[in-house]
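In the two complexes below, chain A is the common chain; its partner is chain B in one and chain C in the other.
And now, the complex of A and B:
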């Protein structure tokens, strides 16, 4: 539940209205003369139909320098950001050769594996020499190496499921699996704030899609009851199967999903559950096993567990974990397994080594330390930000913390202000978030030291004061209690 | 102003073009924009309040007709053109008729008409233009006009 100050909501709508009006006026001038771009392609259809690219041209391009900033080093706690300049008001950006070292508050580097690691990197280099950077083949043809089998066993073991299958890309894992699992005549009930990969996969499957209010198990129950009673559209036959799709940590809210209630409801109405743990695997839970461990849900209760290796394991790719029969079926049918190139061997080795570090199988306690560090860092950062008066979303223990900005002008102001002081943050606006709720999303990593976090807090507080995003009253500093309190009897 | 907070609950509407209309504060912003544009017109042209309201009514007619009932599709390419045949009015609330938002948007032109005709003392030619504007806008918002294209005007190629 996000509490928006009413005046801010009004000014945000007004600002977007003004931007829209100016964009339309500019478009009008673009159409009338028609002289600037005379195309000699007669009879060809235009690339963009109607007003499709309005948002990109008139709103996104104005603040283009806040997005897609190139970096020239590994995304560790501090990284090098390449400076860019523009001669035509941000329509085109040119890179320079100058770089600035900035504090990285934007990468999904939850356990610090994104940079060179003392256990993982030597092993990765060894596997690179042994196996080569790419298999140049699909899994079904010549792309399955011993590393892939070891990786699948390792991840199934880690998740505590009977079997797993891995893919080369995280986005593709969702969008290629859902059409295989369910088709026309099935029902997909997905949370309203699910990731674009799930939405794409669901649309591609051909099943009917229904959405329930974000993280509201009571509304899920309502939707399930209504849909089971009504059956398929027009024929009203019973649904062939029902899948409920939720995420572990929602990347734009930092919220944990209410998993125990949702699982209970799905079991009651005999629907399958699909949990996308892209942001939570390896980052939450006592031993890093994700939301199931954190919320006390038995992994056997969730039918399909999906996750990616890009966030906590410092690699690339995604996995699906489930029962033996499910994984066997996927190996026969999933196009991402049959036709897409398999995951790169050094990337697979990085994941295997990262899992070993997390579980402590490398002989040290670094894994446990990293997990404790990220929990401490997240809770410290979040509580400090809230004390300063920022509106921060997300649950306790979650390493993702969005700071609400609201007004469209504050997005580039905050982003550029922080970059000037060498702190790199990621800002997200419409249409990735609802129109009113633009935010700056901070991702905390286990490789951030206390000094890094304090510097980050200082800069954010300064820029926040300048931009005016401290929407909640700041908590006053509690006076220090004396060591010796006089007891009056 | 004391900090008065409202709760923003994410809605189940997947259409980014219309989802913003379900959040708190939109109706107030709409009414305030109309009121402040009236003040602006009064200060720029120095006309009578009645003329200013008539100008507001007519420009409101032109603007809302163009954006609600003429332009089709969405300003993003992400939704792959699912809504390319629907105007904004047909897209809101996922096509459900007679919701609160739709009722509010139908009442606004009528109230504007009443204010404009009252402040101009029902004189011609303002009365005729105002009446034409309100009839066109209200008829376009009838539930029976959902996806109807009269004489193929604004139909698909």
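And now, the complex of A and C:
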């Protein structure tokens, strides 16, 4: 749990209060008829009533230029950010033709497969010529090719599970699988900070949902005991089944899940476990096999393993890995398998090739180098940031590191300040995070070199001083120690 | 003794009477005399207050002890995660060994592919492959981030502008997956308490979106405008406060589950009469209907501004993946922050976005693709018109030709099983690949199942060739249905020989064998070989 300093909390509340008051005053002017044009159709109820889009209109639009920045190159370690300008106070942004080369600290490119790769790209282009960009039909109809079967075998092998099934989008994987596995009369216990796709899937299933405190196995045990004893709401019949859903790395906290304890508790109470490894597959673990490998958990102990290919494999899509029977059942009834277009064949080939590189089956040691590089980069970056006095969240070895900002005014200040110095960072605020806890999130990649990281650290330190986010005292600079760390490389 | 008691009673009574008659017992309230019963009433009030102040009896709470909770937890037995695997769950889909173009290779054999929704035949088009290759070399495969965090690549913005320009709308928004387009767009607009009137034959994506939106859902009969009118009337009558609620009608242009086309002009008339917004899913009609492929609105000559929200999956005519939504600027801007499939998911891979741009360019340059598609659909429909046991239920202009069993076996599951047997046999013996409609256990659609023939505009077949292939399909289908529906056995040998070149198969049909104790099925007994050539 993050302990917010009192002064910071006070100033943050004050800032939001001020923004709220100003927003309401402006809304008052809007209500005066004839004062401004209405964009709603006459005679129909408006798309958003009164305060539904208050946050969008009055808070988000002010800092809209910090989000949705377009790029015009591959999202590699350095990329080209397109400049935009606005004539109407950030309400609409227009593209220019000017581009700036920036250091990319925001894209999910953990193993560096984002750009053209020497092993993967020729194979992808070959498969494009053979199979065409899309199959135009669902897997169950005419969309299964030999490539899809190979991909499923390959990923099942990589995860060390008997079988796997692949879908074209990670979000849809969660939303379409949970309703199939559990329905009314079942119970889903999910971590309080789970991703929106899991929440949507859980809601779509019709099961009862209970939440346990983030990453707290003792609270999970409490909730399980209470729920098993109470049974279904109102009728108190025993639950049909219980599924516990956790994530490998939480994308807004950078923390690893306390997997061994959670698995032990779930086994004790006979609940099924569902692990969402969107950010951790390929990025952590000695051979890149995710949190199971890192924390020493046998994949056979987790009932359903889910993950996405967007982050570490530089492609798109999601997978579910489990027992043979589970995958067969899912192929029979999952709507995403029966109705949705199958994953694009070139994307499938990219994943197969990326897995081969990671496992070293392409005949080189690039995979092992990439894995070692990302681990080294993450640990170096995190320790340096902490030395400078920033408040950095996340565990050791995790490539995701959020830096706390808190005040709403610091969000655009930090983002724009870094962009001026050619470093692209991602800032996140309400509603993706709690109101008080706005942050900037850094994602490290294996394709960042040491010089890139040092430049990034310099710029962040400078902007951090200007904006005032070094909440902890900085460790005294010992010049000879710095030299030593550089020499060891 | 008695007299003493009597005296005591008399004294008590006197004392009581005195108390009642005492001055304080009498009161003059607003000119009304109150007697001595004030004392009794005062006593009564004291008793009432005493009773009220007593706590009601509650049985004492005894929380469960740790041991009891442990016992309950040990006794509880969950169901298994999945139901036991039955035989039908074990069938696998056919595996293609080549691209899913008009001719595909399954199990080493070349088949005619009526299963991919490649309506305009753009799948192996050179321009598409070229633009994809250059995009792959420039941008890599994935976009590595959601749209809000450096996942917006200039091709995405170009694609959105291109789609908006093609359809004539102010703006459009791109989604990274066809299925997620509808189930993210609907919850962004339909909130709790809103009223949504929807056709009962819509596909699962729309059903899931409606379920997630938690609004009031009212179904009307599949493609029945009378039913729609009655439903709208009823809904408007019931909700007097309806002026403040948002109301939507959700329909598909060409229904995936039945191949019928929604009569848009009628829907617009009803919408304007009852003040509803229309959400139209044009997945199967973009690039197909209308003289230049602009969809249902062009087909019915309705200005596209009248439709509030148009969504479409690009995995059909445009031969790429992903989906888009288009409409007024207000509608699109709203989705950029409140549509969960857009905000919380990685963006479309850039090579697929550039494929979409190229597909639209090709479509605009060659409008004759659409006329060819229509010609092929007409041939297909004519050939499949009088099959025994199967009937066409789709619209004659729809690119999905939907065949349904004339007489259902009674249960949906058996129907599907029968149709799958037919499709499997047609694939094995005559190399024609068709698909049956699939139903997930989560799907609430109750329309009958059928076989789908997807009309393909293939620029590699000429009309004669197409005719022949259709004839082959027709014969094999007719034979299968005759066999099943009359329960007779008829052995038939019909084999197809494939040539080596990928687009010149020969189909050789031979006579049926006669068996003395079986009824003979009259077939066309011609033996002919048709080489098929480039157009």
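What we mean here is this: the second predicted complex is superposed on the first by the 467 of 489 C-alpha atoms of A that agree within 3 Å, B and C clash if a C-alpha of one lies under 4 Å from a C-alpha of the other, contacts with A are read in each partner's own complex, and residues count from 1 in each chain.
The rule is short, and it goes like this: a residue touches a chain if its C-beta (ideal position, glycine included) is under 8 Å from a C-beta of that chain, and two chains touch if they have at least 3 such contacts.
Everything quoted here is computed from the prediction, not taken from an experiment.
Student: Contact-wise, after the overlay, does A:368 reach chain B, chain C, both or neither (first, second, both, neither)?
Tutor: Neither: A:368 stays clear of chain B and chain C.
Student: Now for A:9: first (chain B), second (chain C), both, or neither, which partner does it touch?
Tutor: First partner only, chain B.
Student: Quick one: classify A:93 as touching chain B (first), chain C (second), both or neither.
Tutor: neither
Student: Check the residue A:388 against both partner chains and state whether it touches chain B (first), chain C (second), both, or neither.
Tutor: Touch status of A:388: no partner.
Student: Let me test your reading of the model: by the given contact rule, A:212 touches which partner, first (chain B), second (chain C), both or neither?
Tutor: The answer is first: A:212 touches chain B but not chain C.
Student: Looking at A:435, would you say it contacts chain B, chain C, both, or neither? Reply first, second, both or neither.
Tutor: first
Student: If you tally the residues of chain A touched by each partner, is the higher count for chain B or for chain C?
Tutor: The partner that reaches more residues of chain A in the superposed model: C.
Student: Between chain B and chain C, whom does A:19 touch in the aligned arrangement: first, second, both, or neither?
Tutor: The answer is neither, since A:19 touches no partner chain.
Student: For A:48, select first, second, both or neither according to whether it touches chain B, chain C, the two together, or no partner.
Tutor: both
Student: Which chain A residues lie in the overlap of the chain B contact set and the chain C contact set?
Tutor: The overlap between the chain B and chain C interfaces on chain A comprises residues 48, 53, 56, 196.
Student: Where on chain B does chain A make contact in their complex?
Tutor: By the definition above, chain B touches chain A via 1, 3-12, 14, 16, 19-20, 23-26, 28-29, 32-33, 71-78, 81, 84.
Student: For the complex, give me every residue of chain C touching chain A.
Tutor: My answer: residues 64, 69, 72-73, 76-83, 85, 88-90, 92-101, 104, 113, 115-118, 123-124, 128-129, 132-133, 136-145, 147-154, 156-157, 176-180, 183, 189, 203-205, 208, 211-212, 243-247, 256, 275, 277, 313, 315-316, 319-321, 329-331, 334, 336-338, 340-341, 343-346, 348-349, 351-352, 355, 433, 435, 438-443.
Student: Along chain A, where are the residues that touch chain B in the complex?
Tutor: Contact set of chain A toward chain B: 1-7, 9-10, 12-14, 16-17, 48-56, 192-193, 196, 199, 211-214, 430-431, 434-437, 471, 473.
Student: Contact residues on chain A for chain C in the complex?
Tutor: 39-40, 43-45, 47-48, 53, 56, 60, 67-76, 79, 81-82, 95, 104, 106-109, 113-117, 120-121, 124-125, 128-146, 149, 168-172, 175-176, 179-181, 195-197, 200, 203-204, 224-225, 228-229, 238-242, 269-272, 303-304, 308-311, 313-316, 325-326, 328-329, 331-336, 338-341, 344-347, 350, 424, 426
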